[in-house]
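Once you scroll down, you'll see the structures, which are given as structure tokens.
What follows is chain A paired twice: with chain B in the first complex and chain C in the second.
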Partner chain A sequence: MLESILEFLILGIVLGGIYAMFSTGLTLIFGVLDVINVAHGEFFAIGGYIVFVAVVLLHLSPVLGILAATSGSFLLGLAIYPLLIKPMKRRLGRRPQGPLFLVLTLGLSTFLQSSMLAIGGGDYLRVPPFVRGMLDLTFTAVSYQRLLILSVAAVSLAALFLFLHFHRQGMAIRAVALNPDAAQAVGINLGMIFTLALALGVGLAGMAGALIAPLFNVYPAVGFAFTIKAFAITILGGLGNLAGALLASFVIAIVETLSVLVIPSQWQNVIAFAIMILVLLIRPQGLLGRADQK
Partner chain B sequence: MLQVDDIRAGYDRLEILQGVSLSVAPRQIVGVIGPNGAGKSTLLKTIFGYIRPFSGRIALRGEILNGYRPDKVMRQRVGFVAQANGLFAEMTIQENLLLGGYSIGNTSAVRHAMEEVYERFPLFRERRRQLAGSLSGGEQRLLAIARSLIIKPELLLLDEPSAALAPRFIDDVYATLRKLNAQGIAMLVVEQNTGVILDVADRVFVLEMGTNAFDGTPAELLADDRIRRLYLGSEAA
Partner chain C sequence: MIVSRVMRRWLWFSGAVATAAAAPFVAPHPFLFNLLIQAAVWALLTASWDLLSGYTGQISFGHSGFFAIGAYTAAGLAFHLHVSPWFGLVAGAALCSLVGLCVGFPALRLRGHYLALVTLGFAEIIRLVAQNWISVTGGPFGMHDFGTLPGLPAAPLAHSEVLYLVVLAIAAAAIALALFVCEHTNAGKAFRAIREDQVLAESHGINIKIYKLYAFSLSAALAGLAGGLYAFSIGLVDPNLASPLTSAMILGMAVFGGLGTIWGPALGAVLLFMMSEGLRFIGVVYNLIAFGAVIMVFVIFVPRGIAGLKLGRRTRISRRDATQSKQVGAASDSVQQREVT
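Moving on to the complex of A and B:
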């Protein structure tokens, strides 16, 4: 039994790394722009498609494939604020914007998904593992592919943390998330920070999509389940709270994988949302959110 | 130094400033008083670029600022100190000061300016790793002023620096502002606390329903029966 628990714990930690990359981006975007990006999963899928094209069609190395997926989705992300959100903000003026942005990103999600379907077809595309072999832990074996996912997730999230705390633009992102008016008073250009935060968020999604492409097939709606799960994680961690999203990613992933030991696996997905509903009822601000936070 | 001519501005289609004019000379402290809703804060926000004016002209040392964003106005060495809640409460004092130099870009210049600020406010050096939100109201206001000094401003725009402060903190804040002014920083100060601003200002403007109602020295204001009765009540009568 202990061996099974350890085995599923390791799987949970790997899954937590993927959830963390995905939901940290979603949380970053919400924290800075107050926009729930329903199209986040589509950037995850775009990351998968880019790595497929790079590794399978162009025979480039997986490292180049992951870099291309990350930078490709980052560059696409750079266009979202100036092309979609800024013009809408300007038109809406001081009217409530939240629900309309939800519809806007839902529209973007459908647009991107339909575009991927039209360009790539609906086939499930296979990407070979970036690294082969297993690490033998005596009680279980973990594929190097999963360890690679966990390592890249850890490095990229640590880099994000360092960027947000020690780089001038990273500190500006935190400043805008905390107090946009005060951020303007110190000369921070809000439009530039909104653009950067969105690009970073979807860049992380693209990287996550590329990393796990060998484990899942690549298809237009591959990110949908992750988007829904990320909403649960974001709420559980506290809306807009990056540390909360990180913690909640591992909580949800580990509980999900360990639950297989005691309940049938078809109930696995129910767990995340049961936790989310429970937290909403008991602690609406989430695990690390404060009661007075948005 | 700062010249505002016939400025009209507001939110959406609502015109709050309906042709306001004022000027600030180098090294001057200029006060703006008036009832709630007169457009005092809107005036500061328009000068700083938060709000784009519908018409009129804002010029600093002859350069037209109309349409400039706050970051661009700041590069003209204009600092802004918000009324309250102007800090990043969940960031440390040091991070708040570092961000004060955001528009400078050059890290060593920012560090150098921070050293000068720490020399002026030793309390903030000792407590630099403390969260800004954990400071008292008066200390937070002083930190907001300290942060605005990182860019070495020639003009400071201050929105009600005495708001929600106990009297002894108001004295601290205004003593600091006096010292800064003595070192050459001009100030445009919006205030509800007329007593305190009349004490320090070289010139006072009264705004009424988005228009100029008075422009003169504090002594001239005190000599104007109508203005004194309307805005100072029995306090200075």
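Moving on to the complex of A and C:
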């Protein structure tokens, strides 16, 4: 029993790493732009497709594939703000946004998902593991693929943290998240920061999609399940709270994987939403949030 | 003047329903009637969403959940207990109204993004229950062979003709109910007040809790009714009814039609459904691409939807609405400024 708990714990931590890359991107975008990006999962799928093209079709090295997936979704992400969000914000002015951005990104999600379906077909595409072999831990074995996922997730999230705290543009992003008006008043180019934050967020999603492609297959709707789960994670962590999202990713992933020991596995996916609804009833500001936050 | 405006609205509405009832008989074909039946169901579903989200401003991403509950209740009662489909329709709507209250009650504390996400989670839970409670729901492949509405003629064309007229009549009556509640009762005024400014509405003595719950349960009941109609006219219910894609289509249709008008989203649903079915001839995928593109273009450039495109006398009214909402906006702005200083 103890061994299987430890085994599932390790699986949960790896899954948590993927959730963390996905949800911090979503949280970053929400914190800076006040937009919940419903199309986040589509960039996850795009990352998977790019790595499939690079590794399987072009026989490039997986490192190049992951880099291509990250930069590809980053570059696509650069286009979202000027093409969609900016015209919308300009038209709205100071009026309340209501559901409009949710509807907008929902449209983007449908558009991207069905475009991928049109280009790539609906087949489940297999990507071979980037590294083979298992690490023997005596009580269980962990594939190097999962360790690779965890370490890349850790490195990229650490890089994001360092960027946000020590780089000039990163600090500008945090300033805009705190107060856009004040940030603009001290000379920060809001449009550029919005564009950058969006591209960073979806770039992380693309990288996560590329990393996890060998474990899950690649297909157009692969990201959608992650998107709605990421909503539960961001709620648990507190909307717009990066550290909270990080913590909540691991909490939800570990609870989900450990739950298999207690309840039938087909109910596993209900847990995240049950947690989300409970959190909203008991502690709407999230794990690390303060009561005065929005 | 006001009487004539009201009368004109209802004349338009009955005219549209009469046209919808008569027009397909110009070229009767079972395929056409089947499409129109689905369009009528979508119109009701989208109008029910508009009552809650367009009028009251409580954004629901979970109407696919209510839709599925209505469909599964109607189909399940007919399949397992062999009760009359009419009872199944009513039971589905009633159960949805109760579930709507249960979802709406905790949602009283939530606004905007949070409410949207909770309702999305609710719909996802419904989908997973439909998928996993195999003995009752039939699992991933759903339920079929539970019959249709009683008393329909057996010949295919006559069958779909009568079914269409029945579904259209029920859907039109339900949409008319929604329109009546929103435009001719105090509840409708309260809904709009809550949407424009919740705090302001409360300070004017509007019991926002009661009205939000009212909107939630009525909207859920109508969505459940749409689900029951869908079950008996299509003859198949499966867990995908509750998928987020269904909610996405509802939102897209409502935005296309024009939020907060009831008839706009209903009309938008019919037009967009027919458009996407028409595009199916070009390619199954392209209709969804076009769907996504239409949503994006409309939400950015035509935010009032096709309901806002009206020409002639109505524009004066909409302009007056605009100045009113601007005044309300200015008032709430000044309230906020006072709070800050």
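Everything that follows uses one rule, which is that the second predicted complex is superposed on the first by the 293 of 294 C-alpha atoms of A that agree within 3 Å, B and C clash if a C-alpha of one lies under 4 Å from a C-alpha of the other, contacts with A are read in each partner's own complex, and residues count from 1 in each chain.
Convention: a contact is a pair of C-beta atoms (placed from the backbone, for glycine too) under 8 Å apart; a residue touches a chain by one contact, two chains touch by 3 or more.
Note that the coordinates shown come from a computational prediction; the quantities given were computed from them, not determined experimentally.
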| item | value |
| --- | --- |
| Overlay on chain A: chain C relative to chain B, clash or fit | fit |
| Vertex chain A, arms to chain B and chain C (CA centres, degrees, nearest 10) | 90 |
| Contacts of A:265 with chain B and chain C, given as first, second, both or neither | neither |
| Contacts of A:151 with chain B and chain C, given as first, second, both or neither | neither |
| Touching partner for A:231 - first (chain B), second (chain C), both, neither | second |
| Touched partner set for A:4, first chain B, second chain C, both or neither | neither |
| Chain B versus chain C as contact partner of A:182, first or second or both or neither | first |
| Greater chain A contact set [chain C / chain B] | C |
| Chain B versus chain C as contact partner of A:84, first or second or both or neither | second |
| Lowest C-alpha to C-alpha distance for chain C against chain B (Å) | 8 |
| Chain B and chain C contact sites that coincide on chain A, given as residue numbers | 94 |
| Complex interface listing, chain A residues touching chain C | 30, 36, 84, 87-88, 91, 94-95, 98-100, 102-104, 106-115, 117-118, 224, 228, 231-232, 235, 239, 264, 266-267, 269-270, 272-274, 276-277, 280-281, 284 |
| Touching residues on chain A, where the partner in the complex is chain B | 93-94, 168, 171-172, 174-175, 178-179, 181-189 |
| Complex contact set, residues of chain C against chain A | 53, 57, 59, 61, 106, 109-110, 112-114, 116-118, 120-122, 124-125, 128-129, 131-132, 244-245, 248, 251-252, 255, 283, 285-286, 288-289, 291-296, 299-301, 303, 329, 333 |
| In the complex with chain A, residue positions of chain B that touch it | 11-12, 48, 50, 69-71, 74-75, 80-82, 85-91, 95, 98-100, 102-103, 105, 107, 147-148, 151 |
